[in-house]
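As written, the chains take the letters A, B, C, D and E, and residue 1 is the first residue of each chain.
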Amino acid sequence: MIVDCAEYCDGRRVAKVDVARISEVLKKPNRFVWIGMQEPDDALLKTIQTEFGLHDLAIEDALRAHQRPKIETYADTLFVVLRTVQRKDGRVDLGETHFFVGHNFIVTVRHGSSITYVDVRARCESTPHLLSKGPGFALYALMDAIVDQYFPVINALEDDLTEIEENIFHEKLRRDNTAKIYYLKRQLLDVKRSVSPLIDICNRLMRFDLNFIDQETKPYFRDIYDHAVRINEMVDNSRELLSAALEANLSMISITQNEVAKRFAGWAALIGVPTMIAGIYGMNFSYMPELSWQWSYPVVVLGTIGICLFLYFRFKRSGWL
Amino acid sequence: MIVDCAEYCDGRRVAKVDVARISEVLKKPNRFVWIGMQEPDDALLKTIQTEFGLHDLAIEDALRAHQRPKIETYADTLFVVLRTVQRKDGRVDLGETHFFVGHNFIVTVRHGSSITYVDVRARCESTPHLLSKGPGFALYALMDAIVDQYFPVINALEDDLTEIEENIFHEKLRRDNTAKIYYLKRQLLDVKRSVSPLIDICNRLMRFDLNFIDQETKPYFRDIYDHAVRINEMVDNSRELLSAALEANLSMISITQNEVAKRFAGWAALIGVPTMIAGIYGMNFSYMPELSWQWSYPVVVLGTIGICLFLYFRFKRSGWL
Amino acid sequence: MIVDCAEYCDGRRVAKVDVARISEVLKKPNRFVWIGMQEPDDALLKTIQTEFGLHDLAIEDALRAHQRPKIETYADTLFVVLRTVQRKDGRVDLGETHFFVGHNFIVTVRHGSSITYVDVRARCESTPHLLSKGPGFALYALMDAIVDQYFPVINALEDDLTEIEENIFHEKLRRDNTAKIYYLKRQLLDVKRSVSPLIDICNRLMRFDLNFIDQETKPYFRDIYDHAVRINEMVDNSRELLSAALEANLSMISITQNEVAKRFAGWAALIGVPTMIAGIYGMNFSYMPELSWQWSYPVVVLGTIGICLFLYFRFKRSGWL
Amino acid sequence: MIVDCAEYCDGRRVAKVDVARISEVLKKPNRFVWIGMQEPDDALLKTIQTEFGLHDLAIEDALRAHQRPKIETYADTLFVVLRTVQRKDGRVDLGETHFFVGHNFIVTVRHGSSITYVDVRARCESTPHLLSKGPGFALYALMDAIVDQYFPVINALEDDLTEIEENIFHEKLRRDNTAKIYYLKRQLLDVKRSVSPLIDICNRLMRFDLNFIDQETKPYFRDIYDHAVRINEMVDNSRELLSAALEANLSMISITQNEVAKRFAGWAALIGVPTMIAGIYGMNFSYMPELSWQWSYPVVVLGTIGICLFLYFRFKRSGWL
Amino acid sequence: MIVDCAEYCDGRRVAKVDVARISEVLKKPNRFVWIGMQEPDDALLKTIQTEFGLHDLAIEDALRAHQRPKIETYADTLFVVLRTVQRKDGRVDLGETHFFVGHNFIVTVRHGSSITYVDVRARCESTPHLLSKGPGFALYALMDAIVDQYFPVINALEDDLTEIEENIFHEKLRRDNTAKIYYLKRQLLDVKRSVSPLIDICNRLMRFDLNFIDQETKPYFRDIYDHAVRINEMVDNSRELLSAALEANLSMISITQNEVAKRFAGWAALIGVPTMIAGIYGMNFSYMPELSWQWSYPVVVLGTIGICLFLYFRFKRSGWL
């Protein structure tokens, strides 16, 4: 599906372009074409390939999705794959966007979950002095929008971590908490895998001598690079904390176990001692003089209660109850 | 055992070639020979060596199998070893394929478990414009087929991991589950060891100035490189998750232990309290006035039941039962 | 908010400068301007940008704060971001300082928690022979002051670690201790993230051929580099010890659990044995000759006490009590 | 002790050489001397040093042993140290061999446990066309023999690991098994430390422009390099599996603990319930009508047995027995 | 405090030099000055600085101590910091030594625990042919002496580890053992931090084109490099074993816990069963015919003993006692 396809001159939108006419437009000087597609079918991609003269292998990748983030150069075209990320229903949802950039065109192909790039295009069109730098700037604007989507996701994951910490040290929902730690780790690995190749991609965009990326546009990619490094660092930080959380969780479980064992032992003593005393006076010996004394029953009962109270307070003080 | 041996011209199969006549064919211009063997014996390999003029050490490797994936250059021959992988009966089954590539020949030697390369050869023969690029393209097609075999295996391992997760957090088959985690780790390490040298191999095929690999064929190796990187990433991801799973498993076991201890303590109290009370009224003191009261028996029994019910509900609420 | 803004000539303060007049001053030869700001608003930064001719992207960073430590060069300006660190109420408090350095100016922008740089400026003004080396020396003096703030923080964290160790091996406050280990790890990661990019920053300041950093000033940056490496090492050391502490903590918890179980078992035997003996003599068989013997009661009681004492001392010796 | 000392010409043994005459032989053209020693004393090494003109530091190393594997070049001599490894009585036994290689001599010094090199020399002498390549080939042959000794050792260690796995998942000999895991780790570290420097050594032998290593001999060192990489990989693999095994072991211990606790709880209930019921009918109340009923005794006993059977089967089904 | 200060010519001691006269001596050709100090005060260091013309920053470092091992070059002076290590009362005691080396002088500054360098100087003076190579050789001799001090310390730490292993697998002193493991880790990290920068320092001494280090002296630094690598390797090895030991320790604790639980369960059954049987015959039913049989008492008692013996031997065999 084609979302938008337009012709630009000096950073200003000139006209909407029909897919079949693209190759004509590309022949005009000082023009560039920006086409956005969402999950295009085979036929559409074939047309795009012939109109822009793209390489077989790149088109195959764009069709199949499930690529890892990467940057590849084919003769005079740049092929960039990025992963988009969104948080839906407490889960990390991944999508993909592919870019083909030439000196006078930029093609974007969206797959799966992602924001729409209509707003990005609108923002670019509102700053023609920047967009006039060519498709390289459009690439920057799109990549910047994608990378900005990572921050809310990571903040949400960091909030999850804080909640997990809270649960660990206040002993709530143990069973769920272990699962939460595990699934948070899973999500962090997903984000990590999406964001870590970005650093290399930006590095190459900043350094490569690509004639379709304007020299003045390069510092902008450094900005994205910087964001990618920060996101990466946030993810690594959370992962390391999560490992410590998993271990702290295990320690807290063991501490609880100790406390359970101690409380059980304490109560067992409080029940066992009277049972033992009662057993002794339940023996059937003929000559047990205290059995026939008048006050021995209340004395024994009160004595037993006394022993139990003594034990109770001792256990209480030493943490065995 | 020779599977197939043919002579190609301009990407088209010309004729089946007899092993003994290979050296003659190699003298013709614009021809290349493609021979496929499966677990050849010493004698056959010797013939092959003299026909193609291969190096002693490479032939020795091809005979012994159990090599690690590698790429080696001998004067004018390229020697490549790859590990093939297949999933059989829930186990990862490894095989090996060795390639000798010269400017006008390609020799493949299969050992152990692997797919047959008859289909690959058929596919190549059906696209003569690609196969006309020479033995380099045949090498690509074979390597691509081998690498594609990794994806279903890894998907199966990922499914195993998902099942393990399920078991961990729903507490099923604990004992088997720990063994499963361990053996999954084993299999992942096997796959890892097979696939990680591939990245370096592809890198060298892409960059080396090998005169028998056509310049146009090189981007194709980048495609395999890409797959190798992805497989590697998937394996690493699964390994990291597996480590977390092992720890989560231990946490869940400890939590269960806590629950067992609590339930045991709860029930012990519910049995211990009536035993204690009964013991008290089993004492043989002469002056225990309540013993002779008419209603004391039902009162004591009902009182005990009351205490037990009270304990039961308290324990139930606080999670000790 | 502008803290101070002055004009320097030959390392000596010449006059306070009004923000609006900065660009005039910059035109004079042999002068440099040093301006310090704290959390400036948008308008002020815009003025600063036009007066000094700074790059859009750097100004954007300086406004938003929450950057990671970095060094960037824009044409003829150096942009440096550092994290400042302070210990408040047992927590690590992070701030940020941004520097813009040109051949005749230095701009500092403070965000969040940090020391004031008034003292640093005073110290620099008291050594005009050093300050005469230009804004590069001012940058060194400021960075040195920031890095020196790290040492007391890390010493405090190391003291926390020593206290934790003490608690682990003397079994105090188990529950709090685990949380303390975790939160100490958190703080160490914060410090680590702030200090580790410093090494690279200093490296670049030492090696880059930046015309506004005097050749003689470079060894001074090596001094900061050295401090950064040492801080980094101290943090890594503490982190590794902390991991070992977490594991040792778990071991100690398990050992305690063992001891609890043994003591419980010991006491259970001491209560269970008399109960069993008493039960036997509480049986109602008609022909139990010992029941009617005169001394059997005291004999049984004393015998039971004897057995208990025997068990008590045996358990005591073998560590089961 | 000198094992053998001979003079070679064109790969053929010419004569046994007396140590004192070595320097004379070295002056003849197209000859090389191969001397093998075992734990030589100070005096012998001094003689060797003067005869061959070796460096002080290298001789010192050769005397002291306990070097790590390394390669060093002194002017026109190559000094190589390798660790030899053998399996004796279930333990890894390490030895050392030192090589001095010049353009017309090779000196080997054996320390500690290792195979004898008499066979290697015999094999070399049987292939004069290879040995004629000079001392470089002799070095290859010796290194190859040493590296080949690693494989049986690692296979034995891998077998140990398999046995450990078996024990872990079939719960045998827990106590011994933990010790076995630990000592296997120890042995793997020993082998690792011996074999990992080999990779670098071979790399340097393959790449260095050493005039006493024939160009044609270099691919042979690639063969050893390959073996070293494989051994290294096998060791790393085993180490990673061993770590997982240690964790799996702990999990299995905890699972067993759970099962012990459950079984104990189940049996405690089966004993506790009849005790409680018996206690109740042991109370001495005057008005307990059921005490005097004729069938109440068998009814109570049968009832108790019924309850116990019910509990028994319930526990059995739910895994508490 | 000045330990010794002398003038050397051709490797022979010429005369003791007064500090104030050093600059005069330095003007003579073919002479070099070797001065050793221990914890010098500010004034002395100032004198030294002016006499030798040393850099401010290096002198500041030499005064403050607590530097990390490093090598720095200032114009024509080399500044080296090493950590010295000694074992005192079962603890690792760290010191520092700083070296200033110029083409005609060497200054050593000792801080904290270390051996005296009087012996090293004496040994150097006894080999004038070596010392005549200049201050570079003196630097080697001193560094060699420092590095040699590491071996006995590491051997002591390795002995500690062996003792810990012994304790783990023979279950002695659990509580102390965990603390010992932790503090051994601490000491290993201290040594590691002192020794690992040495590798880089030696590397730079071997490779740098420093005109005051004689070309012939360089192989000697390779010798120190070699020792540093070995020490580093020994420390890493011990650290890895220690981690495994910590885990093995935890496993052994858990195994013991299992055994405690089993033994407790076994004995509980041996006490619980007679209690239950006795309880049954303690019931007060009127019609319990066996109560009045003459032999029922001994039969029940013997039966109970029989059951207990049966359980005892069964438990014994299955490891529950």
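Keep in mind that, in the parts below, a contact is a pair of C-beta atoms (placed from the backbone, for glycine too) under 8 Å apart; a residue touches a chain by one contact, two chains touch by 3 or more.
Values in this document were obtained by computation on a predicted structure and should not be read as measured data.
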{"item": "Intersection of the contact lists for subunit B and subunit C", "value": "A"}
{"item": "Where subunit B and subunit D are represented by their mean Cα positions, the distance between them in whole Å", "value": "25"}
{"item": "CA centroid of subunit C to CA centroid of subunit D, Å", "value": "41"}
{"item": "Where subunit E touches two or more other chains at once, by residue number", "value": "247, 250, 254, 257, 261, 264, 268, 272, 275, 279, 282-284, 288"}
{"item": "Chain ring listed from subunit C, with subunit E in second place", "value": "C, E, D, B, A"}
{"item": "Parts of subunit E lying in touch with subunit D, wherever the complex brings them together", "value": "165, 168-169, 219-220, 222-223, 226, 229-230, 233, 237, 240-241, 244-245, 247-248, 250-252, 254-255, 257-258, 261-262, 264-265, 268-269, 272-273, 275-276, 279-280, 282-288"}
{"item": "Touching residues (chain side subunit B, partner subunit D) in the complex", "value": "55, 57, 67-68, 70, 72, 74, 174-175, 178-179, 181-182, 185-186, 189, 193, 246-247, 249-250, 253-254, 256-257, 260-261, 263-264, 267-268, 271-272, 274-275, 278-279, 281-284, 288, 290-297, 300-301"}
